[in-house]
Amino acid sequence: MNPLLQALWVARKDLAIEFRTKESLNAAGAFAVVILLLFSFVFDPASPEVATIGGGLLWLCFAFGGALIFNRGFARELPNECLDALLASPVSASSLLAGKAITSFVLLLIVEAVSLFVFGFFYDVRWWLHPLKLFAVCALATWGIAILGAAFGAMTVNLKLRELMLPVLIYPLLLPLLMAAIELTNNLLMNQVTSDSLLWGRVLLVFDIVYTSLAVALAETILVN
Amino acid sequence: MREKLVYILAIVGAVLLAWNLYGIFTVLPDEAAQGAIYRIIFIHVPAAITAFTGFFIALVLSAMYLKTGDLRYDSAAASVTEVSFVFACVNVATGSIWARIIWGIWWTWDPRLTSMFVCLLIYFGYLMLRKAIDEPTQRGRLSAALSIFGFVDVIIVWKSIQWWRTQHPSPVLSIRTGGGNIDPAMEHMIYRDLLAFLLIAAAIVLVRMRQEMIEREIDSLRRLAHA
Amino acid sequence: MPPAIRLEAVWKYYGDYPALRNYTLQVAEGDCCALLGRNGAGKTTLLRVLAGLSPFQKGDISLLGWKPRSGEARRNTGFLGHGIGVYEDLSARENLRFFATVAGMKQAHSPISSWLERVDLARVADIPVRQYSRGMRQRLALARTFLASPRILLLDEPFTSLDDRAIAMMGELLRDARAGGATILFSTHQIREAMVIASHVTLIEQGKLRYSGVRTQEMLDDPGHLYREHTELGGF
């Protein structure tokens, strides 16, 4: 069976479970909204400044909410030792890892959509000026978070301190991606798309390509040990 | 044999460092603009180069471990990373002291400082991950993978410097500037200090490697006792 | 005919500690081999290495001529570990359909229904596994393991914690699988039951092979015999 198809089946299975239980979706969505609320006490939410820091605010929400999502990714395979059953099955380790990334990607995009509406509602920021460009930024950056989240989720799946280790390991690595996403989102929120935007877009693209290839290449090493 | 090598490296490194310090404080003159504090560059720059040399070597050793499965590469990679981490800390600390004198602040969110900080966090994660895994073979594989992820990230982070305005002093070594940015005597001293640092780092790495191997042996004895 | 499972001088290390030491074993196609040994002797390690869940360092292993962990080996191997390996929030049918699809089984529908019948879960096939009793879960795990008609079965203590009905079902499934030409390697503590089912026996102690050969009538009559004769530590 085609590895990509296998990955999609793993993702389909995970999404079916997730939509049934909504364990990480509810948690991540609620968490992101809570952060949005908390930020209103950090600065004056009525000031026009909000648009200039809106990108940072949003991506911190997404990154933190993301942790709740990719933390669950491989942890979902632990009860009943499903991870062993999957690894011993014809699903390749890289398909499994990619499947987990696709799951996190979809779930995180849902959380982002909700957060954007809440953000627009609370802070009166018109984020819908460049819907396609914003979606492209979200998609590229979210995939980066998802693939790194899956790789590190796989790395820490057997550790006792899994939930604690994962954010500490992953956020420093996500820095270039978050930098680029924040910059681009700010530009879009302020309705000023500059030549710099292309540069940061390229950072996102390079990040995604590099880490997707690394994660796929190292999947066996990470999962089979 | 190995023990002798450690002593030789450490002694040669220490003597060289002492000789360098003598030169730095008594022979070389104060710098025109900065005065005496500029001397920190003789620690700051070699520490950075030592750290990054180490991180790169650790990357190669990690890849070698994944390729061969020989745990000696894993011990080496872990030891080198640890020692490099310390030198990276030295780099940040000396830079911070220098900034306090020259800029009046301990820290500035200049991209180069920020990326060094991120680099420290990444490798701190590496050391933390190693602590969290008991089984040596699993620890080797996972930390090798993390080492590869981390080093690639350091490159991406580092690259982004070029796209930000930086207030960090520009590179001084001729190898990067084509010369003319620094007095040859001072540049010479930076290289001499680098050599001393590398020798000392190598000595510590060998000691740490020995400890790693003993630790693994203890682990295997414990497993044997439990079996 | 080449053996279905072949281990040549296999060494597996945890750090410096050898969990498998120079293990050599051959299981011919169609044989049912019981893997015996005390706790911590290396039974689970051996099965995990064969199932491709754990790398080994030295030696050579072939499963039907393929390396463990290769796609072909995994496609032809059924593995049942200590966990049942099914998802609590999916129904029995969804669980089986998922594992059948990723195994690349064509027209995946029909074998699933017949397997559900066979393990007597057809009536509850669309209820989430979360609501199943222990025995029902175990039967579902059996269906998952045997679903793709694997030519090699690796079972880690399959009888432990099974209820009587599942044990009977397991015995029946193993018999049928063998009749269909499958090769079976299973570890167990229930030495008496093992002797009845097994055609061959291999004994592991501290990662070393102690005995490997045909299960004799003597073993069937006196299961402790094997341990007394072949382990350094003696009987039970």
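Order as written gives the chain letters A, B and C; numbering starts at 1 within each chain.
Here, a residue touches a chain if its C-beta (ideal position, glycine included) is under 8 Å from a C-beta of that chain, and two chains touch if they have at least 3 such contacts.
Bear in mind that the values here come from a model prediction, so they are computed numbers and not experimental data.
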| item | value |
| --- | --- |
| Identity of the most central chain, Cα criterion | A |
| A-B or B-C, whichever has more C-beta pairs in contact | A-B |
| Far-end chain from chain A, centres as C-alpha averages | C |
| Chain centre separation in whole Å, for chain C relative to chain A (CA means) | 38 |
| Centre-to-centre distance between chain B and chain A (centres being mean Cα positions), rounded to whole Å | 32 |
| Distance between the centres, which are taken as Cα means, of chain C and chain B, whole angstrom | 49 |
| Sequence positions of chain C contacting 2 or more other chains | 55 |
| Contacts with 2+ other chains: residues of chain B | 137 |
| In chain A, residues with contacts to at least two other chains | 225 |
| Parts of chain C lying in touch with chain B, wherever the complex brings them together | 13-17, 40-41, 55, 57, 206 |
| Residues of chain A touching chain B in the complex | 148, 151, 155-156, 158-161, 165, 168-169, 171-173, 175-176, 179, 196, 199, 203, 206-207, 210-211, 214, 218, 221-222, 225 |
| Chain B to chain C touching residues, read off their complex | 69, 71, 135-137, 216-217, 219-220, 223-224, 226-227 |
| Chain A-facing residues of chain B, complex | 66, 118, 121-122, 125, 128-129, 132-133, 137-138, 141-142, 144-146, 148-150, 152-153, 156-157, 160, 163 |
| Complex contacts: residues of chain C adjacent to chain A | 48, 51-55, 69, 71, 74-75, 77, 79, 81-90, 94, 98-99, 101-104, 128, 144, 154 |
